[in-house]
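Here is the structure we will look at.
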Amino acid sequence: MNKVVALLTPLLRFATRSAEVLQRARAPRRSMGASRLPASMRILAALAGLGISAGASAACNKPFKFGVGDPLTGPSATFGIDQVQAIKWAVEDINAAGGINGCKLEVIIVDNQAKPDIAITTTNRFIQVDKVPVIVTAFSNVVKAVAPIVNREKVLLLSVGANSPAIAKMGDYVYTTFPLADVDMNALPPYLIKKHGKKRAAVLYVNHETGIEGSQVFRDAFKASGGEVVLYDSYEENRTDFTGLALKVRSTNPDVIHIQSVVSDFPAIVSQLRQLGITTQVTSFQTAFNTKMIQDLGAASEGIIVTSMAPGVDQNPALVPYLKRWQDQYKRLPNGLPYTQYWYDSAYIVADLFRWVEANKLPATGENMRKALLAIKTFKQPLSGPVTFFENHTVSKATYFWQVKGGKFVMIDKSDL
Amino acid sequence: MLSAPILLQLLWTGLAMSSAYCLFAVAFALVLKVNQVWNFAQPALFIAAYYSMYAAWQGAGLPTWVGLALSLAVTVFLAALLEWYGFRVFRNRRSASLTFFIFTMVVSQLAVSLAELFVGTDARALQSSVMSPIHLVGVVAISEWDLLALATTAVLMLALWLLMSFTRFGKQMTAVADNPELAALYGINVSRCYLHSMMLAALLVMAGAYFIGTKAAIVPSSPLNQFLIFAVIAALIAGIGRVFAAGVAAVALSLFQAFSILVIPSRWQIMLVYILIFVCILLFPQGVRRNPRRLAAVEPAPVSQTSVPQP
Amino acid sequence: MIEYLSVLAAMALINVVLAVSFNLVLGYGGLVSIAHPIFFALGAYASGLLARDLGMPVPLAILAGGAIAMISSFALSVPALRVSGDYMVITSLGFQLALVHIITNVEFTGAAGGLTGIPSAFEGPIRGQLGLFAIAVFAIACVAIVRWLMHGPYGRAVTAMRNDEQALESLGRSPMAIKVMLFAMACGMAGVVGGFYAHHFLYLTPEQFGTFASTALLTMVVVGGAATTWGPVLGAILITLLPEAIRFLDMPISVMAPAQGVMFSVLVLIFMYLRPQGLLGGARAGGGVSSWYGSRAERRVNGGVKP
């Protein structure tokens, strides 16, 4: 946890607010798709849009903008950078296929370091300066911090990847496109007990939204399936020395250790567990589905089981060209691959929302985008499979189980839901 | 849960971990004893040591011993700077302890901010892999890091003790610690002694930084928010002027914290240390000043014999 | 423009109160405490929680926050000062770190994620300006109180205490009582302004109140001039405005925060070396860090040896 940004937080806040106001003073206001063209012009524009077969027209006078807040620097940047790349590619692909009725989809990307206070500043900026109707973001603590703002200002917030079950209750304008922890954390314990014969679980979790609720779900499900939870302990996000925790794990003698972590804490804990000669089975959720983790841990990563909410190459052939794109440009697989699949798809969801709003001749406000979401309900997602938004702000998908074998992730099972 | 193997493992690992804290405590206590300064700038020395090693190894890929030598040079140099252009200036100005305190805290904050600026706020370890080979001795897992840390600390403590007790270098520092004015009268170069003690402290801090960084990653603010308080409390418990007692206190504190894992959740372990501060104050109402007693011991013979002219 | 200026002004005025109250402790009282931001935090969290969870009306919650901060100050000042001023340093550092740790790890404060959903003091389109007005009134009141207090007989007692405790004791005044009351007053002020902050900015995170905040306050007091009335005011305004200046250099977030840390530390160091009396402290005004020269506070750590 970065203890440096202290009194600076409010300074940062009005620093960017000042930018807002100064920009407003300097540049003419840009209205967000609330164009008041005369009907004749609109028909002409629509016809022109229909006539364009390839590429969105640059002459379109209402680019559809949405905001993206994700960590590009800071401890979670390993995931954030790749997520942002995925969504940028998606926006390019959407525009190459004609955009939204011929108009370009535009994404405004801002770094928030996965920190709640920075995210609040950037969200305020999105709303007051860029006037976007939709914001895509991730990380449970960020979502929690900006929820009051988007609810008050009636801007749709799509949480992609954050999995704290509390997100379902964070307000009318907060929706997740990604199954919350009560999906996979209810599926993992029975799987471990039935298929792997585990009986005693030690549960470690990071002390904020990402860890707290998900680990509770795991714990309750493990007990409900007949297992015993021998340890349930948390650690603060910025801790790097886990010797004490590892010793405690060892003293309780579990046969499986489940870690509800963020990004860089997972390899640190596992390496220190292994250092103390603890060879117990380690499990985690999608944040550990990360090839960089295997690199960091080396042999210590063998056998780790993680859950994933996105299909693999065998389930979804559309993944092949996507992975090839990563190999071609970056010579590696993306970090947090399943998350990037959801992030790629989120641009398609946003595009669908804009199309609905346009088709129903409504201004693209947050309120209307939300209406669109509830009206369309089920979205085809190219990479992560179809998703349906329920009334209670949740979505449900199958849980896939992967295990590290021979230095690679191998899918070992699936749990339908 | 409270079986012998577990307790033994806790004891061993707790001891090994305490080695770094012992080094920090002894460094802090040494400066407190000789320079009579609460060196809250010690985190700055840590940061200089740590990130110079990091730059040498992870940045420039230099061999181990080059990195160690470089880091030692940088840290010792910084310590000398602190004393010569910092403490000495304020000492000559007869500044209040408040001034020293503000100065040292701000120097630490400057070091933290500079580190964050150049290296970022992410956690960094000194080596790309912090796994060291382990050997199972009976039921206790002993890693090579443990052995190296304990051995190095023991050697350094022994060397320091020999230095302080038997060499002129060390005895001069002790004299200055007791009474700088008297020491000066005896021809001891007081300023040089102040420099020497700071440089020794730098060596100890650098060793401690090495062990911290080869065990786990840290963020730039850890030295200020985490390690400093340990050193301070150890020095407090031991008493001003008692350097090795501070080391022992640090080990005891570290073990206390390690064993507390059996009864309290890990995230509350650090609170024990904070609570201990308050306990110390309540149990040691006399304060930790032993100087007045020692000063009294070296004071010249009663006034009546020396100042009043004898008939 | 108006919105920008009013947010900036609100922050500056909050910092004014914090600096002025910190100056009471550090500058006038010579008490070596760096835990001041934590009383700001206590007031802010207490006020926010009371208003949000218990439905207390905002003005009452703010006052309650201040009271809680004031009462908490006794937990620090009484044990520490009972012994010596040196203990105060360490105890205040431990106190601050401990409380930040507790806030970060306890559920009802929102833990590391922070406290959200704090009810605003004012509603409506001019809520920013109304909030600013309220804060301004409080800031002016604080400065006036401190000035009146320190320029009167109480102020003289405080100066006497700072310079020679034993002499003061021999006159039948209790230095301990003066120190504890001074500390309580300062922390109460910080707590109340914390409440203002909570209900104006509507979001708190525990990270804001750590050692970095202490450095910022130190900068304000040292640069402005300790132990003067207007020194901290000037220092607070300067330190609030300076980050604005470098913001226009358009640095990425990851660079801006530590750059400000560097700037603050360097400023303090420059002033301590070249102008320890601060901007407004002069030899005659007797303010600044130099106001401790020749004082009892001085003789402690320097080996007790003085010619």
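Which chain is which? They are A, B and C, in the order written, and residues in each are numbered from 1.
We adopt the following convention: a contact is a pair of C-beta atoms (placed from the backbone, for glycine too) under 8 Å apart; a residue touches a chain by one contact, two chains touch by 3 or more.
All of these numbers come straight from a predicted model, not from anything done at the bench.
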Separation of chain C from chain B in steps, with touching chains one step apart: 1
Chain whose average C-alpha position is farthest from chain B's own: A
Chain occupying the most central position, where position means C-alpha average: C
Separation of chain B from chain C, taking each centre as the mean of its C-alpha atoms, in whole Å: 30
Approximate Å spacing (C-alpha centroids) for the pair chain A, chain B: 44
Distance between the centres, which are taken as Cα means, of chain C and chain A, whole angstrom: 39
Residue list for chain A, restricted to those that touch at least two other chains: 2-4, 73-74, 207, 236
Multi-chain contact sites of chain B, meaning residues that touch two or more partners: 112-113, 116, 120-121, 221, 225, 267
Shared-contact residues (touching 2 or more other chains) in chain C: 105, 210-212, 254, 257-258, 260-261
Chain C to chain B touching residues, read off their complex: 26, 30, 32, 34, 79-80, 82-87, 89-91, 93-95, 97-98, 101-102, 105, 210-212, 214-215, 218, 222, 254-255, 257-262, 264-266, 268-269, 272-273, 276, 289, 292-295, 297-298, 300-307
Touching residues (chain side chain A, partner chain C) in the complex: 1-15, 17-22, 25, 73-74, 111, 113, 116-118, 120, 141, 144-145, 147-148, 207-209, 212, 236-237
Parts of chain B lying in touch with chain A, wherever the complex brings them together: 1-3, 6, 9-10, 13, 17, 112-113, 116, 120-123, 125, 129-132, 134, 136, 141, 143, 215-222, 225, 257-258, 261-262, 265-267, 269
Residues of chain A touching chain B in the complex: 2-4, 73-75, 77, 207, 233-236, 238, 240-245, 247-248, 250-252, 264, 268, 271-272, 274-277, 296, 298, 300
Chain B - residues contacting chain C, complex: 36-38, 40, 89, 91, 93-103, 105-107, 109-110, 112-117, 120-121, 179-181, 221, 224-225, 228-229, 232-233, 236, 267-268, 270-271, 273-275, 277-278, 281-282, 284-285, 287, 289, 291-292, 295
